[in-house]
Amino acid sequence: MDKNKLKQAVYEANMELVNKGLVIYTFGNVSQIDREHNIVAIKPSGVDYDKLKPNDIVLLDLDGNIIDGNLRPSSDTKTHLVLYREFVQIRAVVHTHSRYATAFAQAGLSVKCLGTTHADYFYGDVPCTGVIKDEMISDDYEKQTGNLIADTFKNRNIDYNVVKACLVACHGPFSWGADAKEAVFISTVLEEVAKANCLTQLLNPSALSIKKTLLDKHYLRKHGSCAYYGQG
Amino acid sequence: MDKNKLKQAVYEANMELVNKGLVIYTFGNVSQIDREHNIVAIKPSGVDYDKLKPNDIVLLDLDGNIIDGNLRPSSDTKTHLVLYREFVQIRAVVHTHSRYATAFAQAGLSVKCLGTTHADYFYGDVPCTGVIKDEMISDDYEKQTGNLIADTFKNRNIDYNVVKACLVACHGPFSWGADAKEAVFISTVLEEVAKANCLTQLLNPSALSIKKTLLDKHYLRKHGSCAYYGQG
Amino acid sequence: MDKNKLKQAVYEANMELVNKGLVIYTFGNVSQIDREHNIVAIKPSGVDYDKLKPNDIVLLDLDGNIIDGNLRPSSDTKTHLVLYREFVQIRAVVHTHSRYATAFAQAGLSVKCLGTTHADYFYGDVPCTGVIKDEMISDDYEKQTGNLIADTFKNRNIDYNVVKACLVACHGPFSWGADAKEAVFISTVLEEVAKANCLTQLLNPSALSIKKTLLDKHYLRKHGSCAYYGQG
Amino acid sequence: MDKNKLKQAVYEANMELVNKGLVIYTFGNVSQIDREHNIVAIKPSGVDYDKLKPNDIVLLDLDGNIIDGNLRPSSDTKTHLVLYREFVQIRAVVHTHSRYATAFAQAGLSVKCLGTTHADYFYGDVPCTGVIKDEMISDDYEKQTGNLIADTFKNRNIDYNVVKACLVACHGPFSWGADAKEAVFISTVLEEVAKANCLTQLLNPSALSIKKTLLDKHYLRKHGSCAYYGQG
């Protein structure tokens, strides 16, 4: 296992959040896990993106113990760790406060699938959790935030492999993927889709989700065994 | 016929979508046809704009057979091909998911002609199609999307030479023109006009389309035999 | 009189519209007048900002006759000329289709003075004209557009020296000033003020214009004999 | 005391307002105080950010007398001075007309705490003052603007150390901090939070402030003796 390669990948994905306009200052974090060795690389807490260096990335085990690095890991680390335990096929997690996705989270609303741009990347609505309960705030808040996401997917029967993002109510978006790059990609697409969704609702408050046949067509032409999009 | 020149033109027009802020990642495609030889050059499927090279552009005949190129053509290729067959005077097609035009498409609303900026470039509303029918989704979806556009223009008696764009409901905008450059120009203007239209409706939900005399004045001072705009 | 200096000033002001994000392609024009010699320098018609050169600027007399230049002047030239005749103290005119100001024009709404940012630069609302009459469209449209602006200021008793901009209904903003630089500055501030005004109305549809005492305070601390803003 | 260092810090903070997109032209000002010597460094009045140089920064005593500098200080100087006297622990003040914060000020609305992004930086709503009274406008307006802010915090029992910004009704935002850099940071975060808040209200007009337990959790994990965010 190449620790520097893992740190570099996580560093680059963090910086890509800046390039895509999803974060300012310290408003986000990206992690990636090496599933073979169960090592998680994550952004350090409160380090400004302008000053972040590859070697600042912290390496942890799945219990949150520091394996490598001189800095404290992101304050949201426990949320990431829960997601790695609960969503066993993902290998990266991203958290941002991107504007439109955050607005939906603050509004307590899921991002409904109003068009094919959404359907191309998310196989259904991107859910918004309920508001976190007081006892979850007082008892290991960041861990409970992870549980809130995992429970939302379990209770609503949503497959985390086809809807790779969740809005935490009153908070903001989390996304995930096969690697840090994909998880950042999903964050970016979510913001784009949230913006178009918001504008759509302003233009037509009664706009409906697209029908299942169209959702299937778009999602499945890009994903799964019958996909014919891309270079295969 | 110079294949490389055609590829280069289509490559540059694709990249111009990025420059104008109309696409991210792979969210769009441009094609151009050589009407003399019936050869269509189009963006390859799922290739990120950051990595696109002129030689990646795929050449096809009007039935979609690959004439030149190692990559699969855009998954929307059949939509382009229908438009070339139905709209016999156009020589380029552009598809994007630009935010405001997509919002109108998702809202199922035409972009009404609310001002002279619109009237300078579109001789009337930019229509939004009805929602594609289930049997059209299951039977050659991309081809049927082209038919949906063509039928919308036919049924509503709209001349594709004076309104060079269409919104596909629940999906997004398509535009066309005399060459790839013009079709990208129309896409850009459509997004600009859609944004101003959206803001207008937020400020004044009862804002009306401009009157015919003003539409005529603006469109016809720029287009047709009596035009006096530009350097003639 | 230095013709090249005049052309250069008008060229630079035109390009500043691009830098400030107020225009794309050919969506605007700037002119400036030499009041001593009654020579007007204006952008040529339909020339893309990307290709505009200082020497493309056209010189005209006040009747619109070309004095110098190989290109046709802006199609809006007659509007500019009317403004120079009616507003005898101005020396520059700018026209754009900037998004928010255009949205107000399309909505048929004046930009009300909702805050001190507005009051710092406009001594009252920026008016929106009525919709141009059919006979004004058919009879020398561009000249009549100028008359519409001048009449709006006359009929509503607005001093063009303290409100240096007007929205033409269904069309967009015109602004003016002591030179091309100031007129572009006013265009930019108008767009900024229109944006804040639009957002204000979305947040609070019953937001009121600021009171006269506050308007006076802010406008007069920056303008007139009692001004104490700036370096005097 | 190093005057040049103070000027440089205030210069850089002023320019950072431009970098963050919070000001255009002359639409803002930053000051910082040396509490040991009671010397305030502030932007000169009406100097365009494009032309501002470190040595243009004006040094004043707390009564507003110029100690160093050839230019007039910002016309808002007296507002800053009142804040330094009333809020004895702050060492920098920033004023901008940033779009979303200004829209809230023009709407006469506080920026309610609708999410954790807000709670991370402001321990409660960012208040909007009442409209300034006529006698305060006629009697030393800029000083009274400072009093209006200070009184708003006093009357509503808000601690200026945990809510480091205020909207002045019909006007715009002021912020403060331990140094010019922090005050600019707060301005930037306020604009970001105001934008997300505005979008949230458009999506869900009945969106509520987050509950006290969540506000406490987020603010206190970043600030105070129990903070565990950042590198400590």
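Quick notes on this structure:
Order of writing sets the labels: A, B, C and D. Residues in every chain begin at 1.
In this text, a contact is a pair of C-beta atoms (placed from the backbone, for glycine too) under 8 Å apart; a residue touches a chain by one contact, two chains touch by 3 or more.
As the structure is a computational prediction, the values presented were derived from the model and not from experiment.
Looking at chain A and chain D, no chain is in contact with each of them. At the interface between chain A and chain B, under half of the residue numbers appear on both sides, which makes the contact a different-residue one. Centroid to centroid, with C-alpha atoms defining each point, chain A and chain C lie 46 Å apart.
Measuring from the averaged C-alpha position of chain B to that of chain C gives a distance of 33 Å. Touching two or more other chains at once are residues 202 of chain A. In terms of which chains touch, the assembly is arranged as a closed ring, every chain touching its two neighbours and no others.
Note for the complex: chain A touches chain B at residues 114-117, 185, 188-189, 192, 195-197, 199-200, 202-204, 207, 210-211, 213-214, 217, 221, 228-232. Within the complex, the chain A residues that touch chain D are 24-25, 27, 44-47, 71-72, 75, 97, 99-100, 102-109, 131-132, 134, 137-138, 141, 170-172, 198, 201-202.
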